[in-house]
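Working notes for the structure below.
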Amino acid sequence: MTTWFWIVMAPVLGGLVYGGERVLRARMQRRQGPPLLQPFYDMFKLMDKRTLVIHSAHALLGVVHFLVLWITVGAIFFGWNLLYIVFLHLFALIVLVIAGYSVRSVFSQIGANRELLALVAYEPVLLLVTVGFYLYAGSFYIGDILHHSGYLSQMPLLFLALLVILPIKVKKSPFDVVEGHQEIVGGVEVEYSGFFFEFLYMARFLEYIFIYSFVFLFGGADYWLGALLVIGTFILVNLVDNATARVRAADMVKISYLLALLLAGINIVWMLT
Amino acid sequence: MKWLAQFRKKSPWILHYNAGSCNGCDIEILAALSPRFDLERFGIVNTGNPKQTDIFLVTGPVTFHSRERLVELYSQIPEPKVVVAVGACTSTGGVFRGMYNVEDGIDRYIPVDVYVPGCAASPQLIIDGIVQALSILEKKNKAIEKPFRLFGGIKRIGKKISRLTMAKRIGEEK
Amino acid sequence: MKKIETTLERVVKTIEEFYDRYEWHFLTLNGIDLDDGKIELQWIFAKYGAKDETVVFYCITDYETEVPSIVKLIPSAIMGEREVVDMFGLTIEGIEGKLYLSDDSLKTPLKTMGLGGCEV
Amino acid sequence: MPGAMLLILLPIVATLLLRWFRSEKMQYILLATTVVLLSATALKLYFGSAVLTFHFPHWLELFIVIADLLLLLYFLWQGRRFDRRIITLLAVIQLLLYGWAESVLPEEGGAEVVVDALSTFMFLIINIVGGIIVVYAVRYMSYEEISEEKKRLFIAYLLLFLSVMNAVVVSNSLLLFFFLFEMTTLASYLLIGFRGDETAQKNALKALWMNQIGGVVILLGTLCAIYGYDTTRFDALTGSVGGTLLLCVSLVSMAALVKGASIPFDGWLLGAMVAPTPVSAILHSATMVKIAPWLILKLSPALGGTGVGLLLSTFGGFVFVAASYLALSRTVFKEILGYSTIALLGLMMALAAIGTPETSILTMVLIFFHALSKAMLFMTAGVVEKLHHLKDIEDMKGLIETAPKSARFILFGFVSLTLPPFGLFIVKLFAIEEVSHMLPDHPGLFLLLLSILIGSTLLVLLYFKVTAAILSRPSDIVGLGHEAMPSGFLLPLAILAVLVVFTTIRLAAVQQVADLTLFFVPIAMLVLAPLAYRWMDRFDRVKCYHCGEKESFDAALYYYEPTPKIRVAIYTFFTLLFVSVALTGALS
Amino acid sequence: MFRSLANAWSNMFKPPHTVKYPFVGDVQVPSDYRGLILYDVEHCIFCDRCEKACPPKAIVFYQHDDGHKEYRYNPWLCIYCGECVRACPKADEALTHSSEKPNPASKAENVNDEWFVWQTVARESRERYAEKKKAEKAEKRAARKGEPAGPKGD
Amino acid sequence: MKKVINIPLGSQHISLLEPVRFQFKTHNEKIVEVGADVGFVHRGIERACVTQFEWKKLPYVVARVCGLCAITHSLSFTLAVEKMLEFESTRRIDYLRMLMVELDRIHSHMLCLSHTAENAGFEAMFMEVMAAREPVMDLQEAISGNRVQFDYIAIGGVHRDISPETAKEVVATLDALKPKIERLLEEFSKNWSLSLKYRGVGMLTYEEACIYNTLGPLARAAGLRTDVRLESSDLPYEEVGFEVVLEKGGDIHARNMVRLYEILNSIEMCKNIVQNLPEGEHLLKIKGKPKGEAIVRLEAPRGELMYLVRGSGKNFLDRVRIKTPTFSGIPAMVEIFKGSEYADAPAILASFDPCMSCTAK
C-alpha cells in the first residue's frame, strides 16, 4: 500500500526536487529565486491555459511519454528488474522522440535528434551500471540489489561514470544540449502548450526521480548512505551546472564515450578479475 | 475552473519581442532578469516560445518589417494572454512617431493591456508593469483574442478550430 | 578630411589605385540629395591607425545613370550600396536593394527631399 | 524425409510448371498452392521434431560433383568474359582445391543430409517468409517494364532459390554444403545482375568474387577436416576434439562471415539493391544471409567457449556497432535496411558463437523475427518504390499523409525491430542478461556486451531517424489521404504483420516472465492513443513555431558521416580481424 | 571551472543581491533621477516653449476660447530628456524634472489614440483661436478706423 | 542525396535581443549557407533628421538610434555640429564626455560578455556578469539621471556637471569592479567548457578582417590595429591613458579577451578622468546655425561610428548620414557563420555584439 502511495506521489516528490533545485540554483547565482512550490504553480497554471495543438498524435505522444515514465518510476518503487526498467525508460524517451519528429518544426526536430544523441550517449553507461549491480549483487532485481551493501567501494568508477551522465538526464550544463534553450528553444517541448505541455513538464519531475534512484541504489542496504549520496549528487550537479557552459552534442557523445564508458568499463573489468 | 485562475499570477511566463526598438528597453528587460531585480522570484521564466507564454513583452514601435512577425507571434500565444508594451515608443510611438517606416505603437496591431512608460523603461518600471499585468491576467477568460489588423480569421473545420491562418501576410490583408 | 572629385566612369579605377586593404578601410557609400534632381555620391575611406585621415571621393550625378559597383574590390561595400539603392532609388550594377524597406513602405525616402517631400 | 524432399523438389516443380501459367491469375493460383504446401510441410516438420537422416546414393554424389565442376567453370567463364582477374583467380583456386578435396575424399558412413531441429526451424522461415515474398513478387514484377518471359524467369529464379536454401539447411556434408553455397552464390549473381545494366552487372560481379572467397575458405576447411579427422560431416566434425579442429571450424565460419556480409564484405549485399526489391527482400530476410547464423549455429558445439568462438562473438558484436554506425550516413531507404540487416546478422553470429543452449535459442528467435520484420520492410520499400516512386528517405517525408498504409507498415516494421514487447527487443534484453550472467566466467565477453549496448542504441538512433521522415506532418486539419494498395501487395504484408503479432504473443507466453507484462502497457497505450483523437477536437490547431516567420521550414535528416579516414580505419580493422579468425584457429 | 564551483558553493551562504521591489522598499534611486515632468499652473507664463522644444511632442497646450491655455502632458509619450525644462524660462517653478516614477497605464486609459485625438483637437483649437484673434484684431483695427467690421466684400 | 536543413534564427528568438533574421542552411548542424535580413529595425531616422526635427532636437533623436551606444551617437552628432559651428570646447567638457563614453563602453562590453556566456549556455556566468554590471548602471544613473538613454550630451557641452560625491563613487565602484573583471578574465580563459565553446570557433583571420574592413573589437581580436580613439583627435584620449588592446586569435575567445582588457583599460581611463578633472564650465552657449559639412568618427563599443552632417544654415539640416559599426561588419559576419556549427551560432552572433537597431537606423 505504501508503495502505491509513493508511486502516486512520485510526480509531487519530483516537483519538490525540481522546485528545490530552482531555489538552490538561484541562491548559487545570488538571486532570491522562485518559491519552492513554483513547479506546482506552473502545473496548475498550465491546466488552465487554452491549449494549442499541432496534431493529435503529437500531443498524445507527450501524454504517453509521461505515463510510461510514471510506470517506469512505479517499477522502481516496486523493486523490479533494473534492466527492464532501463529499457522501459528507453521506450518512454523514444515515444518522446517520435513526438518531436512528428511535427514539421525545425527546432522540435533538432531537439528530437539531440534527444536521440543523448540517448546514445548515456544509455550504454546506464546499462553498464546496471550490469555492475548485477555482477555484485547477482541479480537484476532492485529488491535484491538493496539487500547488499558496499557498492561504493566495489564500483567507485561506475559511480563516477553515472555522475558524468547525470547532467544529460537532468538537462543541466554542461550536457543540456537536449534542451538547448538558447539554440533550439527547448527542443522537443517547443510545440507543446497548455494542458499537453504540462505532461512534459511533469515528465521532467519523474526523470529526476528515475536518475536519482540510480544514485540511491549505490547506497545499497544502507538507506542513509543512499540518501546522503542523492543529496550530495544533487548539490554537485547544480554546482557543476553553475560552473560550466553547454557543450556541443557531438562533444557530449565524445565525453560520454571516452570518459564515462571508459570509467564504467574499467570498473567492470576490475570487478571481473 | 475558478480555483485554478489564482495560479496564473504565480507563474507568468514571458515572451519578449523587439518590434524595432532602440535596444534600450531590451537590455533593461535583460537587467530585470539579472540577480539585482530577479524576475524569477515572481515565477517568471523567459520561455522565448509563444506557445508557452502568458505575458507578451513587446518593445519598439512596430516597424513595417516586423508587423507580420508581431501578429504571428501574438496569434500563437494561447489565451489567457496579456500584452505589455514596454517603453514610450511601444506605447505611443515615442520619438519615432510619424517616421515613415513605423506604425505608432503596437496597439495598432494587437490589443495592449499595459503601457509601461519610460525611455528607456527602467527595470523597476518593467516590474511595475508586469505586476499590473498579473492582476489583469487573473481576470481574463479563455476566449480567443484577435489581432486588430492582419487578422486572417479563425476557421472551424469539423469540430476543430484552426488558427493556422489567424495571422496574415501584408499582401493578403483584404 | 580630404575631398577628391571624381566621375562615375573613373571612380572604380581611382579607388582601385587608391585602395590598399592593409592600410585603408572603406567606411561607407553615402548619397546626398542635391535639390535640383542631382545626387552627390561619396565614397568615404579612412586610414587604419593614422590620425584624422579621411578621404572622400565624390561625384555628382543624376538619378538615372547606372553607378558602377566596387563590391568586387571591397566586399563590405555591399551594405552601403544596397542601402543607397534602397534609399535613393539609384541603380547600381548587380546590386539589389530591399535592405530595409518593405513592399508597402515609402519608396526612396531620401530622394528629392529638399523639394519638400519625396515620391511615394 | 519425404517432407524435406518435398520442400526441395516442390519449388523446382513449380518452376517447371510456371512455363504454362501465363496469366497473372494462374500464376497466383500456382504460387499460392505451392507456398501453402511448402508452409504446411515446414510447419509439420517443425512440430514433428524427429531427427531424420539421409544418405546420398552414388549417382547423386556423382551428379553433384559434375554440377559443381560446371558451376566453377561457369564462374571461370564469367571472370574471363568480364575480364575480372580476381574472379578467374578465385575460380581456379576453387577448382584446384575442389579437385584436391575430391581426390582425397574419405569413405564414410555418415548421412549427407540431416533434418534436425535447426533445419526444421530454418524451413519455417525459408518457406513461409520466402513463399510470401515470391507471391508478392508477382505483383511487383507487373510494374517492371520487361517482357512477360523475363518476369516469369525472375519468379522462377526466386523459387529455385528457395529450393536451394531448403537444401542448404539440411546439408550435413561440407562438400555438399560447398556445392549449395556456390549455388546460392550463383543465384545471387543472377538475381543481382537481373536488370542487365551496367551497375547491376558490376554489383553482380562484386557479389560473385566476394562470395567466392567464402567458397575458398570452405574448401580449405574441408581439406583441413579431411586431413585432420577423416570426415566431411558437420556432426562428426563438431563432435571431435583436439588437433586442428579449431582451424577447420574457424575456416568454415569465415565463410559465414562472407555470406553474412559482415564488414568488410558488406559491399555485395548493398550492391544487391540494384536488383528488383523482392530480391533484396528474399536475400535479407529468408534466405542467403541467414546461412551465416545457421552455419555458426551448426558449428557452435565446437565453437562454444573457445578462443575462436570468443573472437567470432566479438567480431559479430563489432559488426553490430560498425554497421549501425555506417548506416547512419545513408539516405536510400533500402540501403539503410541493408546495413541494419548486416548489423543484426553480426549480433546473430555473435550470439550463436557463444554456443550455450540459451544463446542458441536467442539466435533462432532473432533470426525468425528479423526475417519477418525485414521481409515486411523490404516489401513495403518495394511498394513505396513502385506506387509512389520514392527511394530516398528525404523524399519520404510526410509519407504518413500521402501513403498512410505503406507508412504504417514501415512504422510497424521499425517498431517490431526496436520496441518492446516485440521479439527483437526481447532478444536484446535477454542477450544482455545472458551475457552478463556469463560474464564472471568468461570476462572476454565484456566486449560483446559493450557492443550490444552501444549497437542497440545506435540502431534505435537509425530507425527513429527514418521514422522521423515518415511521421512528420504539418497539422491534422486535413485527414490522412487514401492510398489504394493492390491486394497483391496488401495481403502479403498483412499476413506478415499478423505473423509478427502472433509470434510475439506466443513468445511472451513462452517466456513467462512476469515483469515482461510491464512492456505491454506502453504498447497498449500507443495502440489505444488514436481512440482519443475525437476528444482532441476541442483543442485549437496552430502552426509550428518558426521564430515568428510565416513560411514553414523543413528540417532534413541528420547524417553521421564517417570521415574517409575513419572509414578506411574501420575496413582495415575488420579485414585484420577477419584474417585473425583463421590465425586464432590455427594457433589454438 | 573550479573557481566557479567554489564561487557557486560560497554564494549559497551569502545573501542574495535581489532587492525585493515592489514589495519591500524601492530600488535606490539617485536623487536626480530623471522622472516625471511636473507642472505648476501657478507659475506658468504660457510661452509655449516647452511645447516647441519637446522632441516627441508630449506636451500640448489647449487653447480655450476664453483665452486661457490648458497644459496637457503624456508621460507614456515622454522620453524624459528634460529639454522642456531646459527650454522653460521659469524652470524649477513652472516645469520641474522630478525624480518620481511614472506609472504604467492600463487599456482603459487609452494613452495612445486618445492623446493624438487630443493633440489634433488642441492644434485646431489654437488655429481657431488664432483666427478668432486675427478677426478680433481686424475688427478692433476696423473699429479704430471707423470702418465696418468683417472681411472686405469687394 | 543529402538535403539541407533550413534553420531560422530570428526575427524572434530567445537568444536574440533585437530582431535580425538569419536563415541558416545546414548539413546536420554544420552551416553551409547563410542568409541575413537586417532591416527589421528600420525606422527612418535619417529622413526624420532632416524633415521632422530641427537640428537642436537631434541629439535626442539620434540617441534613439541605439540604446546601447546612445551616448556615442549623440556625441558624434554633437561634435559634427560643433565643428560646423566652429565651437571650441573646454577640457572639462571633453573629459566629462569621455567619462560617459567609457562608462558606456564598460556596461556595453559587460552586457556583450554576459550575453555571449548566456548563449553559450552558461547561465551562472550571465548572472554573475549582470550582477557586476549593475553598479555601473547605477553610476550612469547618478551621473546622467537615467540608466540607459542618458541624454547627457548637449550641443555646447554636457547637461549635468559631476558632483564631487559622485566622482568619489565612480572611483570606488570602479575599484570594486576591477577584481571582478580580473576573475572573469581567468574564468573565460581557463574554463574547459567555455574553451570548447569559444576557442577556434567563429574564426576571423587577420586577412579576412582586412578584406571585410571589420572594425572595433572584432578587428582588434583578429590582430588588426584599429581604434578610432587612436585615429581621431576630437577627444583627448591620449591624455587619460588610452591603450589599444590587441589579440591574435580571431575567435570568440579572443574577442572576449579584447572586451575584458578594454574594460580594464576603460576603468583606468575613467579613474584618471575623474581624478584629474579640469575646472571649468560644463555647458557653453552656442551661436548660429550649422553650415557646411563635417565628418566625425568616434569609437563606439562596437567599433567605428561615423557621422556625416551637412547643413545650409537653416533650422533643418540637409543630410545626416549615420554609419554604424555593425553596418560594415555584416558581410564578415555572414562569412564567418559558414562552416561553424549551428549550436555555436547564437554564441558567435553574441560575440559579434551586433547592434541591429544601429545598422538599420
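To keep things simple, chains are lettered A, B, C, D, E and F as they appear, and every chain counts its residues starting from 1.
FYI, a residue touches a chain if its C-beta (ideal position, glycine included) is under 8 Å from a C-beta of that chain, and two chains touch if they have at least 3 such contacts.
Note that the structure is predicted; figures quoted are calculated from it, not measured.
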Intersection of the contact lists for chain B and chain D: A, F
Intersection of contact partners for chain C and chain D: B, F
Greatest separation from chain D - chain, by CA centre: E
Chain closest to the middle, measuring from C-alpha centroids that were averaged per chain: A
Selected interface, B-C versus C-F, where C-beta contact pairs are more numerous: C-F
Inter-centroid spacing, chain D versus chain A (mean Cα positions, whole Å): 37
Between chain A and chain F, centroid-to-centroid distance (C-alpha), Å: 42
Chain C and chain E: spacing of chain centres that average the CA atoms, whole Å: 41
Chain D-chain E separation of Cα centroids, rounded to whole Å: 83
Multi-partner residues of chain C (at least 2 other chains): 100-101, 106, 109
Per-residue overlap in chain E, given as positions that touch at least 2 other chains: 1, 4, 7-8, 16-18, 20, 29, 55, 79-81
Touching two or more other chains - residue numbers and ranges from chain F: 5-8, 11-15, 39, 42, 44, 47, 60-61, 64, 124-125, 127-128, 131, 134, 146, 149, 191-193
Listing of all chain pairs that touch each other, if any do: A-B, A-D, A-E, A-F, B-C, B-D, B-E, B-F, C-F, D-F, E-F
Chain E - residues contacting chain B, complex: 16-22, 26-27, 29, 55-57, 74-81, 101-107, 109, 111-113, 115-116
Residues of chain B touching chain E in the complex: 35-38, 41, 84, 88, 91-95, 97, 104-105, 107, 111-119, 123-125, 127-129, 131-132, 136
Residue ranges of chain A in contact with chain E within the complex: 24, 26-33, 238-240, 242-244
Chain B-facing residues of chain D, complex: 475-477, 537-543, 545, 547-550
Complex contact set, residues of chain B against chain D: 17, 49-51, 68-70, 72-73, 75-76, 78, 144, 157-164, 166-167, 169
